[in-house]
Amino acid sequence: MANYRKKMSDKRIKNIFIKGPVSPSFIADSIGKHSSKTSIGAHQIFLGQVRRDEVDGKTVTAIEYTAFEDLALEKMHAIREEIFGKYPLTCMHIYHSLGTVKSGELCFFVFTSSAHREPATQACAEVVERIKKELPIWGKELFEDNTHQWKENK
Amino acid sequence: MANYRKKMSDKRIKNIFIKGPVSPSFIADSIGKHSSKTSIGAHQIFLGQVRRDEVDGKTVTAIEYTAFEDLALEKMHAIREEIFGKYPLTCMHIYHSLGTVKSGELCFFVFTSSAHREPATQACAEVVERIKKELPIWGKELFEDNTHQWKENK
Amino acid sequence: MEIDIVTFGKITEIIPNGMMSFSGLTDTDQLKATLEQRYPELAGMKYKLALNKTLVQENKPVIEGAVIAIMPPFSGG
Amino acid sequence: MEIDIVTFGKITEIIPNGMMSFSGLTDTDQLKATLEQRYPELAGMKYKLALNKTLVQENKPVIEGAVIAIMPPFSGG
């Protein structure tokens, strides 16, 4: 039954977007919720933080994120299914900011869990890589003088 | 000057041991402290959680950790120096429980940060691997009937 | 024919959102060529189209009322 | 000669902690052989020694008052 419910819930398109930064207390709550899942032995977490980069003498004070949300969530759903098919994960949670995230704040939270270490670690790295490459999300780097440049992922 | 202070502090032997489980709020505090380090773009976190394993029909209710603390901290210091020499990390924090950690609770917290993703991700995996292999720490798996078995890392 | 154009990222600064008229168009390759004529800046950019919320991987037919998203390289994370 | 024996993990259940007397011993290889005679269970186990808080990688001289840690395979994390 538990397994059946799990499969059902996997078919729903989950939202990953949150308005503004990811807060450390949100991350703590998310970690704490796993204490009842006692088959888990390993959690791997990736966090993206907005850097105060300097570009031609100007400083990035924030990034403003926008997304083609419907397409992003469909793609994320497909990635999620593939990753669960590839690695024996207990769970996976993904959050990405929309709107303004200031330098020093967190904009991206990937959280994978498994019984042993390798699947959580490998899945986390793979999901981070795929999200950066495949999800229609854009970052607009805002400078202190109200100019901007569009972020480019390497 | 900042660089000099950094190097000085790296020479101190840091404690990694905490009594009992690692709490989610401790992790949140640790994450939050990095918001002032605005050259950081990526954090990688590994968490070990005590599994409620079944062994010959008996259930693990907790792990009791002991360590040869002096030797462990010296070894950890050496690993830390090597990792900082190998990867461009902004910081690295390591915590391991001593004493009793119940199933579902966290016993191990590795936290690496860097400007871009790869160093934090690679350093985190390498440090986790090395700590498990090289630090004189032992886990005693406690069963509900007050018997025990000594944990073995694969 | 009227096509609903939705732009993202840097391209929002080049091409306005909203209904746009085209004539003699039947597929996405022709649409791209027309857009690049109307907005020469687009020609020098890397971008992808989505047709009715599906990423366009190869040339696809376009009909009246289609929603076309014009997307520069992604930069999430 | 008296050596201070410190045991860890599973080995705490086989060998008691504290001062232990040995005679005719000059190095860690001889110490290991003697310990394995006194505690036959140890002979079947994987373990490492530390001499005065330094891991013993190869045979080392042992003198009166040395602190020897006997450590089964590590299982932290």
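By letter and in written order, the chains are A, B, C and D; residue numbering begins at 1 in each of them.
Note that a residue touches a chain if its C-beta (ideal position, glycine included) is under 8 Å from a C-beta of that chain, and two chains touch if they have at least 3 such contacts.
Owing to the predicted nature of the structure, the values given are computational and were not obtained by experimental measurement.
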Of all other chains, the one whose Cα centre sits farthest from chain A: D
Centroid distance [mean C-alpha coordinates] between chain D and chain A, Å: 49
Inter-centroid spacing, chain C versus chain A (mean Cα positions, whole Å): 28
Length of the line joining the C-alpha centres of chain C and chain D, rounded to whole Å: 74
Contacts with two or more other chains, residues of chain D listed in rising order: none
In chain B, residues with contacts to at least two other chains: 48, 128
Pairs of chains, among all present, that meet the touch criterion: A-B, A-C, B-D
Contacting residues of chain A [partner chain B, same complex]: 24-25, 27-29, 31-32, 34-52, 103-106, 113, 115-117, 121, 125, 128, 154
Residue ranges of chain C in contact with chain A within the complex: 6, 8-10, 50, 53-55, 69, 71-77
Interface residues, chain B side, partner chain D - complex: 48, 65-68, 70-72, 74, 96, 107-108, 128, 131-140, 150-153
